[in-house]
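Every chain is named by a letter (A, B, C and D) in the order it is written, and numbering of its residues begins at 1.
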Amino acid sequence: MTVVGELRRVSVSLGPGERRVAALTRIDMQVEEGRVLGVVGESGAGKSSLARSFLRLVAPEDGAVLFEGSDITATPERRLRRLRSRMTMVFRDATTVLDPRLTARALIEEPLRLHTGMGSGERRAAVDALAERLRLRPAELERRPGELGIDRLQLVNVGRAIVTQPRLLVLDEPTRDLDTAAAADLLNLLAELRTGGMAIVMTGHDIAAVQPVADRIAVLYLGEIVEEGATADILRDALHPYTQALLSAHLAADLTRRGRRIRLRGEPPTPEDRTPGCGFAPRCPIAENRCRSGAPTPNQVGTDRRVACLRVLEGTSRIPLTR
Amino acid sequence: MLLDVQDLRVERVADGAPALAGVSFRVVKGRILGLVGEHGAGKSLTASAILGLLRPAARVVGGRALFEGQDLLRMSDADLTRLRGARIGFVVQSGHATLDPSTRVGAQLIRAMSIHRPIVKAEAAWRAETIMSSMGIPEPRQRMREWPHELTPSTVQRVVVALALINEPQLLIADEPTAGLNITTQMQILDLLHLELRRRRIGGVIITRDLGVVAQYCDDVAVMFAGQVVEQGPVAQVFARPAHPFTRTLIAIMPDRLATGGGRAYGGPLPESGGGCPYRPRCDQAAERCATAPPLVGAGVHAARCHFARIGAA
Amino acid sequence: MERPGRFLLRLLGLAAFLILVLMVLSFLLLKLGAAPSVVLLGGPNPLPEEQARLVADYGLDRPVVVQFIRYLIRVVSFDFGRSWLTAEPVLTELLSRVPATLELMLYGLLAGALIGVPVGVAAAFARGGAEDRAARGAAILGEAMPPFLLCLVLLLVLFRWLDLSPAPTGRLSVVLTPPPVVTGSVFVDAVLMQDGIAARSALGHLILPVLSLALLVGASLTLLVRSAVLAQLQTAHLAYARAQGMSREMLTGIVLWGATPAILSGLTAQTATLIGTTALVEFVFAWGGVGQYGLDAMAKADFAGVQGFILLSGLFALLVHGFHGLLRRLVGLRIRRA
Amino acid sequence: MTARAMRLLRGLQDRGLGVAFGLLVLAGFAAALMMRPVVWPQGLAFEDAQRLLAFPSLRQPMGTDANGRDVLARVIDGARYAFMVPLAALVVGIGLGAPVGLAAGLRGGSLDLLLRRLLQGVGLVPPMLLAMALVSAMGPSLWHVVVAIGLLQAVGFARAMRDHVRAMHDSGFIEGAAAIGSPVLRTVMMHLLPNTLARIAGEIPRQAAWALGTLAAMGFVGIATATSGTEWGSMIREGTEYLLAGQWWAALFPGLALLLFGAALHTLAASLDERLLLRGPPGSGNSAGGRG
């Protein structure tokens, strides 16, 4: 299967001068055509940096970014620009990235103007066809961002990203502000696009937000991947303590799960709070002394799973649920 | 019966458009009701109407809201002011913006106590410290001296819960108490709220867009759609046998149940009104008779507003 | 919050930079001057030898950068040059006029605040109502009003037609002898000397200039206070305070206390640039303050005077802003201790 | 029904009346200025030695000044400066200020910081005084007046531009355009500039009003002597002496014209502000309903 987007030992730092902090540390990740990669983490975990890295919207400090097999780590922005019709992004904040003066139609049409030689009639037809697929009504196409609800606005954002039929689509927390029904529709759309062969990376602060479509899930904590594997495997048997906590924090429809939780101490940290050793150790219910000194590296577990936890190899990383 | 809202109707002042078209639900003492619905369904508006906080954007045009037998909608402003914060506690959406940015955290707690009865400063400070530590806030005395902007999101939300509970209300209304929080923090806050409501035997209303919150923390549920309650009942019954198509859909598309690839649309904009069942444009069961207002089917604890509802049938 | 030492250091560093900018600005003004710079330094009619000596002395034959550094050194050692008109040192002339201007500004600000704050608060609470419209209309008229025009209208009505105020002859009737300078305020000095006639005359001369300034300050303060209070009325924490069952009085208190920082900032910005309006008022009433001196210097192309005046008004603004910075911090600390 | 109609009417008044008043006054001045030679063909410089400081009458509705010249004709002619100088200054101000603010806002970092501090330093001196000082230093030609006022306006526009561009940068607006492959220059011209200009629209009439006031102050103080013809500030200056003596018309009528013109501009600005306020920040969405 063709690998479309790939990160090789990518590290990213953000912030000016002295206050520069590591947002991502040595990330290895890839997404193939017709596959959906879900990246899960709480705020400050580095989801947005990771999403931007795939598209070279941030320049990595270290490592390599590949798109369709070619290294674009050092490609100048002028040359990248031409690739931007084939690798696109849906940003986290649906409301502020759009030009408030343009109509939904003009916004969706803009990438076509930039990247294709289509005439205005062709573009119009293309947008109309896409709008039907997105279930945007004709009247809504003539409205401006300020006149559309957030659910509909997010469809405009997605439309803008897929109108050029990209090979790689990256979505940063696309369902965060949406109602359940609108989120389900968006996930359905992504499933359709996957069938069409698109490679998709989507982030979420909750495993449940990506699980309906993700083939694989990567869990991010303080800029590092703590667990990565096939969705079904992770849902059935999460190995990293943090993954287990995230799963137990999800509020499922299942009434029998009431009150059965892994309760973490404190709050999700920011990169400034990083302590030596395992980044999760300060909040981990089963941390040992060695976790606070030695940082675990992602270890291959079985054939298809990576977990960064010292206790995994001994098989003692599972936490019993408490009431 | 702690709170009995009957056919509450509200309209927007600007254009006279109806915002709530007959909202009815009940809250029983010691039980928690989940008021669930989409953005714009009128959940927050319902809470504001009950507390008399609609003006100037909207106004009540009909219905009753009986709190321990007294109609809140017909109460004088002065009487309502005495109730608010004392017997009805309120936890608001945007935690951070809720706290007064130019008053220290401790002073806000003490002020909240002083609103409804004369206080002795030292005793009030002690009570504030006690309630903060019972909310699981570490080093409460230190936190009390801090400004709201110095607190972490989780602590802010704990303080907001403390503010709502400090006068020991009989009813607590929490409007999306965990919106925007991280998922592990969300769990902490909901656990805390749930525990305190149970421990103090307070009737609770949790307003949310996430049916998961209802499934995990509530006893009863009222589902709102387009300014109406379309289904109400005990959580176990509603989840086992949802009677309204909207409720059925909501349950079916919860992220851990959603099966993608069905090709069906669940969302979409609301219809331009015109009578009949408001859910009609989205409903997969819609028939001709749905152009007329649907009846309330079922009685007692579980009821739904739908022509096709069958309460109790498996 | 950062530590007091760091805070002061940062404030002083910023002030130093801003003073430097001001000096560049006033230096450029001098360089722009249509008249040869030497004339500015040597008085109206320097002899040729004198002129050559000055050129060498001030290094006017040197590169501009060197000239600027010399200028800096001169200003830092309190040498603002001599006035082209009077040949007196500019700094001495300016400083002797400072009390008159400060007196006018102080009363004007106080009276303006007495008008603007209550009207602004009332307008905000009555948003959209008749009171609000009236207040806003009046304030817009006040904003559009050229200061000198207001002064003239007031003079026409109160001095010429109703004869309620004295002629615009400065701070004291021309027939009286000014009391010896103690505080610099003619009125206070006259009271100190127990000179009843002079005191009454000084008070009378104060009324119209202060009234003019107060109306102008009050107008823009009204708009400022109104929008600050309106912003507070729309906050989520106020809505929550209502849900907590607070009384109207408590809510008003929260709104006003919350609006205070914004009002203080606006008031600071206004005070810092008030010297412009004051100058025009002084000009009409022949007040004899710094502003009138500056405007006269501009009209008569006394560039040394202009330069000193511009530098002084910039420094005044800097002081006001610095004071505001300290005040904010102190108020913050006070709340913390309470 | 009637209540709803009343509300509608009031809403219209709030928004429309200010703009209508402002535009009407400006249009009135423009029309008077253009038609004066035909409708009121009094010579601007014609001196009627028989009628010095004549009280307003049918023959001279605003009286005559100390030189026996018709005040009405001169007041109307003064509108020339009221239109020309602020307009020309705005061109200078926006032309200089907007690109600087744009560059600082886009680049950010130390360039931005330096610019902000420089503007802060210049901003310490009341702009009106600085403009007057500049004119007195450069010499009193009308062109210098325009340049001086324009320069000071450039300070304000640069600051406003910088703040808006920065806000849009922080909101992800620019990155969003970059992500679909829009070149920076295109993003600036097609998206950034139109949005920013739309958002500082209220600032333009306000700056024009400020320019008018400063021009008049220069005339009144006697700095911009080149404008001393029929510029309102200069006319007031000439009339002040007689006003204090009770012959108020020669100074008061140009003063009223000045006030009316300024009030029109301020009303326009206030209405534009209110409209921008109603429209809200970009993409905020007004579906949430009424504002409290």
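For this structure, a couple of remarks:
Note that contacts are C-beta pairs under 8 Å (C-beta built on N, C-alpha and C of every residue); 3 or more make two chains touch, one makes a residue touch a chain.
Everything numeric in this text was worked out from a predicted model, so none of it was measured.
Centrality by C-alpha centroid: the chain sitting nearest the overall protein C-alpha mean is D. The interface with the greater number of C-beta contacts, when A-D is set against B-C, is A-D. Spacing of subunit A relative to subunit D, judged by their CA centroids, is 50 angstrom. For the pair subunit B and subunit C, the distance between C-alpha centroids works out to 54 Å. One finds 56 Å separating the Cα centroids of subunit A and subunit C.
Annotation for subunit B: residues 40 touch two or more other chains. Residue positions 287, 291-292 of subunit D each touch two or more of the other chains. Looking at subunit C, one finds that residues 239 touch two or more other chains. Within the complex, the subunit B residues that touch subunit A are 38-40, 152-154, 182-188, 190-191, 209-213, 215-217, 235-236, 239, 249-251, 253-269, 282. Interface residues of subunit C, counted against subunit D in their complex, comprise 14, 17-18, 20-22, 25, 29-30, 32-34, 128, 136, 140-141, 143-149, 152-153, 155-156, 159-161, 167-168, 233-234, 239, 272-276, 279-280, 283-284, 294-295, 297-299, 301, 303, 306, 309-310, 313-314, 317-318, 321. Subunit C contributes residues 235-237, 239-247, 250, 254, 257-258, 260-261, 335-336, 338 to its touches with subunit B in the complex. Taken together, the subunit D residues at the contact with subunit C in this complex read 10, 14, 117-118, 120-122, 124-130, 132-139, 209, 213, 216-217, 220-223, 233, 236, 240, 243-246, 248, 251-252, 255, 258-259, 262-263, 265-267, 270, 291-292.
Across the complex, subunit A meets subunit D through its residues 16, 55, 57, 77, 80-85, 88-89, 91, 93-101, 110-111, 114-115, 145-150, 153, 160-161.
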